[in-house]
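What follows are several structures.
Same chain, two partners: chain A is paired with chain B first, then with chain C.
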Partner chain A sequence: MSTEQINSDLSAIFREARKPLRVNSNELLDRHREEAFLHFIASGIPEKTEEYAHADLLPAFDRDYHLMLRPPRLKVNPDALFTCNVPGLDTRVRFTVNGWTARVDEPLELPGGVVICSLPTAAERYPGLLELHYNHHAGKRDTLASLNTAFAQDGIFINVPDGVNMDKPLQIVNLMQGNNNNVMSFQRNLAIIGKGATATILACDHTLSDNAFLSNSVTEIALSENASLDYYQVQNQHVEASRINAIFVTQERASRLDANTITLYGGFTRNNLIVALAGEGSECNLHGMYLSDKKQRVDNFTSIEHAAPGCRSNELFKGVLDDSAVADFTGRVIVRPGARKTEAYQANHNLLLSDEARVNTRPQLIIDADDVKCSHGATVGQLDDEAMFYLRSRGISEAEARLMMMFGFAHEIVGRIRLEPLREQIDNLVDKRLRGELTKCYNCVRHCKKTS
Partner chain B sequence: MDKNQDNILDEFTRGEYKHGFVSNVETETIGKGLSEEVVRLISRKKGEPEWLLEFRLSAYRHWLTMKTPTWAKLEIPPIDYQEIIYYAAPKKAENRSWDEVDPELKATFDKLGIPLDEQKMLSGVAVDAVMDSVSVKTTFKETLAERGIIFSSFSEAVKDHPDLIKRYLGTVVPYADNYFAALNSAVFSDGSFVYIPRGVRCPMELSTYFRINAAKTGQFERTLIVADEESYVSYLEGCTAPRRDENQLHAAIVEIIVERDAEVKYSTVQNWYPGDKEGKGGIYNFVTKRGICRGERARLIWTQVETGSAITWKYPGTILKGDHSVSEFYSVAVTNHHQQADTGTKMIHIGNNTRSRIVSKGISAGKSSNTYRGLVKVAKKCRDARNYSQCDSLLLGDRCGAHTFPRVEVANPSARVEHEATTSKIGEDQLFYCNQRGISTEDAVGLIIKGYAGDVISKMPMEFAVEAQKLLQISLEGSVG
Partner chain C sequence: MNKLLEIRDLHAVVDGKEILKGINLDVNAGETHAIMGPNGAGKSTLSAVLAGRENFIVTRGEVWFKGKNLLEMPAENRAREGLFLSFQYPVEIPGVSTVNFLKTAINEHRKYSGKPPYPPGEFLKMIREKMEWVGIDSKLLNRSLNEGFSGGEKKKNEIFQMAVLEPVLAILDETDSGLDIDALRVVANGVNRLKGPGNAVIVITHYQRLLDHVVPDVVHVLHDGRVVKTAGKELAIELEKKGYDWIKQQSPGEN
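Up next, the complex of A and B:
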């Protein structure tokens, strides 16, 4: 099918779904739909655009998917079905299944006045916050995010009030489950971190059945003055899963964001990480790692906009590509006029392990201010022969030496995870992944635990 | 930054364009506008064979189906292709002995410091001087011919060596390559042709000097350089244009073929009129330059100093086809006032063990925009390719822009590709260091820029290096960030 055909199909679906969407969702969410869909359909599914230069989205969209317009009656108890459990890490867990939030027993308001709930509940209870933030950060910045805005009904909402340190990390477990249907989902999350507040969010993506999935999710994050957020996402889906995952962050004065994106497995993964450093002296650190083999495609697109003076950004993405995997990386840094004393560093390093694997890397600096220090670096290469020789000369087998070096390569990213139990868990997963043990099962952690 | 430093910056960026005069030579022009008839007319005026006319016509027909490229980070005002004159020839230039050439023409090139009189020449450089659409004079032709080297204007080469032209024309840059290449292929006027036979080392630098003189014309020259097996040539290109309020279009093509074990050094000092301080006038420089290392161990080295043109759109590139072939690209691009430049290189690795190196230095001042755009591509079957790229930008002033858009595409695991880029202003610590050693801020700025561009300038042939150094100073006099 051609993209024109899919675009017109999506138009038809949107028209058909318009009424149920209006009936089912709060006006605060519903009011954005028309405009967002117009924005999407104006250019349709991106093909060879500047932002999606190498991403071939057609295979992801060219399938029959089931789209749920009403909250599903969740027959399964996700807790019983799945435990994305990190030993030693105490988190508040929230589940979503195909983009719909699952009920939990915890109260709406948590210690310190922290609120974690579903987006529709938030729209009812906290209309003021949604008025201010919903679709404010994503806006019309990306056509696929606009497609999400047109259809989104549910997702996780979190509000951390001013000056509150969240007691436990929030863990969002996104599950995809088909029951013999291919599923398309539009999840929408919103996180508001108040002045001087701190929070940690961990988002995990998993697939529970071997149907084809297309999840198009958007997360909007507002960081107020002096707020601080650690955001981790661990993506581990099966090869028939396509994931378009956009995160839009607006940072006010002196706020800090640390984002770690770890893609262990997935058919097609597109991560959009769009950060606006809007307040003076704000800082963001974006780290990412992707380990791809078979025919997987990973496409990381990051854009950091320095709109205020004295902001710092630091970016490091590393990837290991095997078999006929393809990885794309785009790192865009924009320095607006007047953003004096900007510091922006960026690097992307790739290891190519097979003849069929490919890497396309595009660092981009767009600088319209003079008092700046910006740099970027990109490399594509193989494991270092000399390091290999060193290990071999100490009696380590070639296979083991390769693993050690790849592990070390990846650990530069994993080592930055601040939550120690999570770091250990990821290290463990990476090690398994590099040994080819993760690829055997489609719902990773649980199965792997059985095998290990 | 203190005020004093600001003033120095300001003075430093206020250099004047020194080649903006107009020569009063009688010029024969054809009517403005572009049509199949105009293409035929140009071909007829040049007495071209049928196959070349056909080449032009296919290019023209293809051009009609194309759209102006918009991907570059440039604001290009719409160009009315029917308002351009596609052929202009100084009347007393062609087919005459040197003594009969219009003295005004000679004076023009004298004034530009281009020696066309062999007797008066000290420097060992052979020059092909092109004004508007025709070649005025090619020096040292005979001396070179003794070694079998062909160095002549493109039109002469079409007459004297049709087989060579036919064999190589359009093989590196096909007419359908891009919008401006198609336009050039349809209406190209003159240019230079160089052929270095097998095993010959060209004893002197070859040079083409392009001069736009006539008003409202476009310049569409075409350069074709063929270095046969085991040969060597160093080729220089320079260009200037008068100061005018309207914009003029320059769309050239350069094709370079490097055979087994041959080496070509191609150096450019691009100094087309950049427009005035308010951004009025200036040349639109939309150029396609590409070379191919066809044989094993072929080498192609690009060096460019870009200071001119209102808008530059130019990506000299190399196709590394022969095993063990090498290509290097060194560039300094300076933009000031309202200039815009989107320039860089492409390195396409196809042969095994091919190596490329890119060193690009951008300097932006005033309200200009300076973009590096590059591609390093390693083909699937290309083993052990190696690339190192470095592209740095220096910002002098807070209203200019420096942008970097490199692209790395690797499809073979044995490749090693590294890319680094930095953007910064001249560090206050660097200036402080110089100041405390008794060097004035102005001299320090000059020194720092010299050092910054030094990597590239040092790769240029000596005569050019001196000129390039001076140009840098003129273009930037007075700017620190």
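Up next, the complex of A and C:
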């Protein structure tokens, strides 16, 4: 099917869905739909655009998907909780299934006045906050995010009031599950972290059935003055899963964001990390890791806008690619006029384990201010022979030495995870992933059939 | 006598150039040998060939280790049979902690000899004990292997690994270079504690100073890819006094 055909199909779906979208959502969300869809359809699914230079989105969209316009009656499989259980990590867990939030027995308001609920509930209870923030951070920055805005009905909302340190990390477990259908979803999350407040969010994405999935999700994050957020996202889906995951962040004065994006498994993955450093002295650290093999594609697109003076940004993405996997990395840094004393550092390092694996890495620095420090670096290489020999000379087999070195390579990212139990769990997952055990035994029914 | 290592007419080529031109050497259990010689004599090549570095190609000769054909074994099996090379330039491996590395190594050794993995509690106890031998900080255990270590720390870490793996034959390739007097003593102490009737040590060095602490039974002088002189420990002292020119004049090489 051609992109034109898919665009016109999406138009037809949108026209038909107008009514059910309204019935199962909220007026505050509806307000944005028409304009967002117009923005999307004006250019349609991106093809060879500056932002999506290497991303081939057609295969992801070119399937029959079922779009759930009302909350599903699916029950959450308790095994699913087990798959993303982090031993020793006490979190508040919220589930979504195909983008719809599952009910929980916790009160709406938590200690310190923290609110975690579904997006429509938030629209009903806290319309002022939604008017201020909903689609304010994503806006019309990306056509696929606009497609999400057109269809978005549900997702997770979190508000941490000024001065509150959230007592436990929020763990969002996003599950994709189809009975007989391939499923498409448009989850929409919003996180508001108040002045001087701190929070930790861990988002895990899993697939629970063998169907093909397309999730096009958007998360908007507002960090107020002096707010601090650790945001971890871990993707472990199957090869039939396509995932477009956009995070839009606005940071006010002296706020800090640490975002860690870990892609363990998935068919097609596009992560858009769009950060606006809007307030003086704000800081963002974007770290990422991807382990890809077979025909997987992982595309990390980052854009950091230094709009105020004295902000710092740091990016480090590392990937290990085997078989005919392809990875893309774009590190766009925009330094606006007047953003003096900007510091922006960026690096992307890749290990290629086969002749067919490929990496496209693009730094894009757009600097319109004086007195700035920016650096970028990218490497694509193989395992170091000297190090291999050193390990083998101590009695370690070649296969084990390779694993140790890949693990070590990835650990530079994993080692930055502040939550120790999570760090250990991710280390363990990475080790399993590199040994090929994750796809075989972990989530067994969900992965093994599709990986050969 | 229990022969550990027999090197017969060993020739080796690196990047198309012949570096070893017929080495003959025997090492018995319980002995300490020193291999000395000027730069470019082939000392480090010899150690690399023995450890199994693949870009060093043996063109002639044979090497027997504990009666087994060493040259037929991959590097990891040489180590598991009890050969240990202390690297002149230990490699930094980011992201691999020293303790995990040692645990993996020792368990691979044990698997090779049909033993179960080291019980974790006992492993840590043993590690602590060996750390005292070489006086290294326990913080080093959780740091990435050799990453950001000073020259001295790297060399001490080599000796620490040697102490943990308890090799039958340890080859120290210029372990003394770049060490201050204190570190030198630590290294010597580690080596001396390893020494016993069942194993042997080969010390490759330019200088006499390590040999004051690790006293050799036999000293060999390597020049232009051959062993040109073999004698007792007094030879090292003589070399220190006279320099290597004296040897070069006695046995002129091709260069």
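In this section, the second predicted complex is superposed on the first by the 430 of 452 C-alpha atoms of A that agree within 3 Å, B and C clash if a C-alpha of one lies under 4 Å from a C-alpha of the other, contacts with A are read in each partner's own complex, and residues count from 1 in each chain.
The working rule: contacts are C-beta pairs under 8 Å (C-beta built on N, C-alpha and C of every residue); 3 or more make two chains touch, one makes a residue touch a chain.
As the structure is a prediction and not an experimental result, all values here were calculated from the model.
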Sticking to the clash and touch definitions up top, decide whether chain B and chain C on chain A clash or fit.
-> fit
With the two complexes superposed on chain A, say which partner A:A387 touches: chain B (first), chain C (second), both, or neither.
-> second
Which holds for A:S354: it touches chain B only (first), chain C only (second), both, or neither?
-> first
Would you sort A:R362 into first (chain B), second (chain C), both or neither based on which partner it touches?
-> first
Applying the touch criterion given at the start, work out whether A:G408 contacts chain B, chain C, both or neither, answering first, second, both or neither.
-> second
For A:P337, select first, second, both or neither according to whether it touches chain B, chain C, the two together, or no partner.
-> first
Partner with the higher number of touched chain A residues, chain C or chain B | B
Figure out whether A:R141 sits in contact with chain B (first) or chain C (second), or with both, or with neither.
-> neither
Where does A:D370 make contact in the superposed view: on chain B (first), on chain C (second), on both, or on neither?
-> first
Smallest inter-chain Cα gap (chain B/chain C, superposed on A) in whole Å equals 16
Shared contact residues on chain A - chain B and chain C = none
Chain C-touching residues of chain A, taken from the complex the two chains share | 384, 386-387, 389-398, 400, 404-405, 407-412, 415
Chain C contacts chain A in the complex at 51-54, 74-76, 78-80, 85, 87, 90-96, 100-101, 104-106, 108-109, 112, 144, 161, 165
Using the touch definition up top, name the residues of chain A that touch chain B in the complex.
-> 50, 337-338, 340, 350, 352-355, 357-382
Chain B - residues contacting chain A, complex = 71, 73, 380, 393, 395-425, 481
